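Which chain is which? They are A, B and C, in the order written, and residues in each are numbered from 1.
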């Protein structure tokens, strides 16, 4: 593709953050009037790239060319001026405003001093018809479903004159029928000359809609394919995404026993829109077993954890050590041996404004060594905090500092140490080594293996394939709230794992 | 949802009026709907309504303002201090300015410094009270006719009107004690009887607010600050500007309410004359579901209840009967719509009130005194489920922070 | 080093705020033609007399209790603005009961205290229940309950036989017999007794610290205030917590009337001081909900209140002190917010630096 037919070109983009290279040597060439998909797993660098495309970050090196003209994007306003419009994954809509009000906010047509709603309506109707994006202008957004909301976000940018649309994981929240509607709209947009950049990890969908595909992995672009010219299969794409080799699993002995610690049957969790984000899921974990759950984030993992913790309403049954705990409170579950390393440590796992030793107590504040009867045991908690600091290598000036003073990695180490104390029977570990340096990560894995050998049952949720394959005895793949397959870490191939995770199909 | 509201409100009002009329006839408390009572009710509705409108401006921009009471106190003081020296009109303007300054200070604390909104509001209340107490003692003790907690009489008055053409015939009709017809006439004639210019101004302000906030770009942006400031920011709206504007207007309106209390209702500044109306105003705002129309209705209702403090025994009995009937009707409606717990709760309240009515021959004035506050509590407790506050109301916002 | 530095830092904000308030007050005084230095001298001179110190301690005792009541709510992000209504109702009921008791002191006094606590807690519980079951903001409900309490009290004293004519044109509850009164003590040069209740107040302060920092319940309470989501994930039942917090806050509020009631007035009349609730809020904010901080705040506030009594005699309205107090509160909350933001920024810098050592491939 020549420069003149490219709507947007990125060359040699590098972006670094303290201690981390987010994008390295990224090259992207988006054909004018095409639908261009950028695919990759979580952590592949898509988010950062997208922020650069939209002017929210400036690259450290490299050039950006829009319609053949090299340019600098210093802020989202610059991007808007150049006709680049971003449709965020998390919609920015005012629930109590109508669709019309949400779209025109900040760019209102006026008749003297009053709002000229008639003009707004006409303009929007024209736009909606032109691009086949029908939305009910006078409904409150709170009444509308996800598909409509997305169309509103697209109209928002079109209303401001965008010619290049960036959509961030647009199908993450859609059901298949809504996906079809979206794609139909995208094709209509394309027919009108709009260029679309589409960021996703769902390979089957990408293959259905994209004219061009760029694959990212580990911060760089690894491949650019044009499916119309050279057909590519989903499996091939999946392999590109996850890498041609998977980590080798740990070949230590099998410690899985026959004793069932956790038995989940037909678990279903619905979100506020009524959609089942966890759909009829069943599994068992035995003492001495680590069950890994693979899957792109947002497919129901967080909700499974919430359900096991007892903080959301569920249907289905949860049995722990042969007792039905479905109706048990969170406190009771924790007191009886359920430990959780939460996904969002600052919101669910820590009291940022409290000292470390008080954080050590969080989740276990009713049992030893933190408490004796109704009273707390600060001396006991402090002593045990020092133990955790030593055993889990928490880098801290002391145990009286606030948790907020620790780096993310050290916070995580504290949490892991805390949750593994007190001889839990079941550990739910959600991204347990997120933000932790490599050395400490290995140490945490060793702790997990030791506990497993001693009979701990672990539910491991992770986006890190090293971790999943290295630790799990078996891996279940979660896609759109359902388990689609179970694989053996010793024999699984990248293609199979990648395809299952992304729904690429066989 | 916008369209459904109007008929519902009308239905509620007509139902209420019918009930009131029945009560009057049954209990013989003819003052319940007399011209005098209605006129007083509209009058007392003004400060409450202005406070509610002030609260509405502020909360629509996302800032919960419980400092309205303090701003109102500043208003009463401004009216008294400027009013006794320079006349009612100057007093009016001064009151508004003083209230607005209170709003500005509140905005500084909450919008710029990000102090918790309730804490800042409480601080404004403390400061407003202290400042006015100090200045009153300092300035009024030696002034002619004044005292440590009271200003001298404000000289001059704000004009009042009586639309004789409408008021007189309706007044005659009201005196005839006909079921329902007299009550309605009483209400309407009360509205046109000794109508203060401030009341007219208040009605105008309500209308202006509705137009400004719902029919202009300015209003849309201000409301967006209270619904989703991060979305607004992403579209280039200057959220903090609108928040400041809103809280200053909020203070000005509270100051205006203070002006009414000082100039029209009593003629002096007197310590304690606000009597919690700033908070009752907030309650009317909640009752009105954060909309001007509903707030006005709420203010009228609370104003009505406020007047009954001035009426005599028979009428307080009438009020208690009305309350009983109202509670029983609400209870029936709740039970019918399937809300058993609430329905039963209301029935119990109704029976308690009913027994009180039947067993006592006269009621202590404390009942009327407590009525507005008790009503507020009951209204808030019932209305909780149907409310639609602005989505980002009370939530601290900082420019540039991701949500 | 750490502890001293921490103490220094936490005193810095209120001291700065006080200083700012003094500046503002001085400006006002000058604007109205008063001699600033003279004013502060008068206040200090009067306030440091022995009798004044006794008065200050007494007032501070009352303020302290009120502030602790408010602080317990604050710890859970609940605003109990209803301390006024709670202590007045509790105080009146306790006075009425105490007036009719003929039991010896060691029985009468605990009973009196118990009545005050129970009534006030129940009153606060109404707001708590409304919040938990109907989602009514406790800010407005407690304020409304304040006014309703005033009505109930007025009715009870004036129109029932709970109130008696205890002096010319003054109705109040029956005077508490000597057996039901709480003895105090005086120190040299003072002709005013210090309330015995001060020891109970100190005990409450210790109890407050103990409850919050040494019990499981206190931990749950603080956690709910710091991070509701983390607290829920750790097993806290947030609705129960809200209700308990309001009940305990109300219970302590009930004590506020007792120092005066049991120590000097021995009867509840309609002239009983009614502003202690708001003072409590101000002092709780000043002392940052910390038992020692609140103690300092209460003493400071009481000092200002007592020493300003002198000012009327020299032609300066004593309400100048109210301005001082009001500005201090506003300045303090702003100062605390600024300090908090700077702390967070500083920590984020530290995190950034620490991450630089981190070789793990964190992608954003």
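In this section, a residue touches a chain if its C-beta (ideal position, glycine included) is under 8 Å from a C-beta of that chain, and two chains touch if they have at least 3 such contacts.
Fair warning: this is a prediction, and the values are worked out from it, not measured in the lab.
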{"item": "A-B compared against A-C, more contacting pairs", "value": "A-C"}
{"item": "Chain whose mean Cα position lies farthest from chain B", "value": "A"}
{"item": "Cα-centroid distance, chain B relative to chain C, in whole angstrom", "value": "30"}
{"item": "For chain A paired with chain C, centre-to-centre distance based on mean C-alpha positions, whole Å", "value": "47"}
{"item": "Numbers and ranges of chain B residues touching at least 2 other chains", "value": "none"}
{"item": "Residues of chain A touching chain C in the complex", "value": "17-22, 43-45, 47-48, 218-219, 309, 311, 329-335, 340, 342, 347-354, 358, 361-363, 365-366, 371, 374-376, 378, 395, 398, 400, 402, 404-410, 435-438, 441"}
{"item": "Footprint of chain A on chain B - complex, ascending", "value": "1, 211, 215-217, 220-221, 223-224, 227-228, 230-232, 234-237, 388, 390-391"}
{"item": "Chain C to chain A touching residues, read off their complex", "value": "2, 213-220, 222-223, 226-227, 229-230, 232-237, 344, 347, 350-364"}
{"item": "Of chain C, residues touching chain B in the complex", "value": "28, 32, 79, 81, 130, 134-137, 139-141, 143-148, 150-152, 154-155, 159, 278, 281-282, 285, 317-320, 322-323, 325-327, 329-330, 333-334, 337-338, 341"}
{"item": "Residue numbers on chain A that touch chain B, as the complex places them", "value": "76-77, 92-97, 101-102, 104-108, 110, 113-115, 140, 156"}
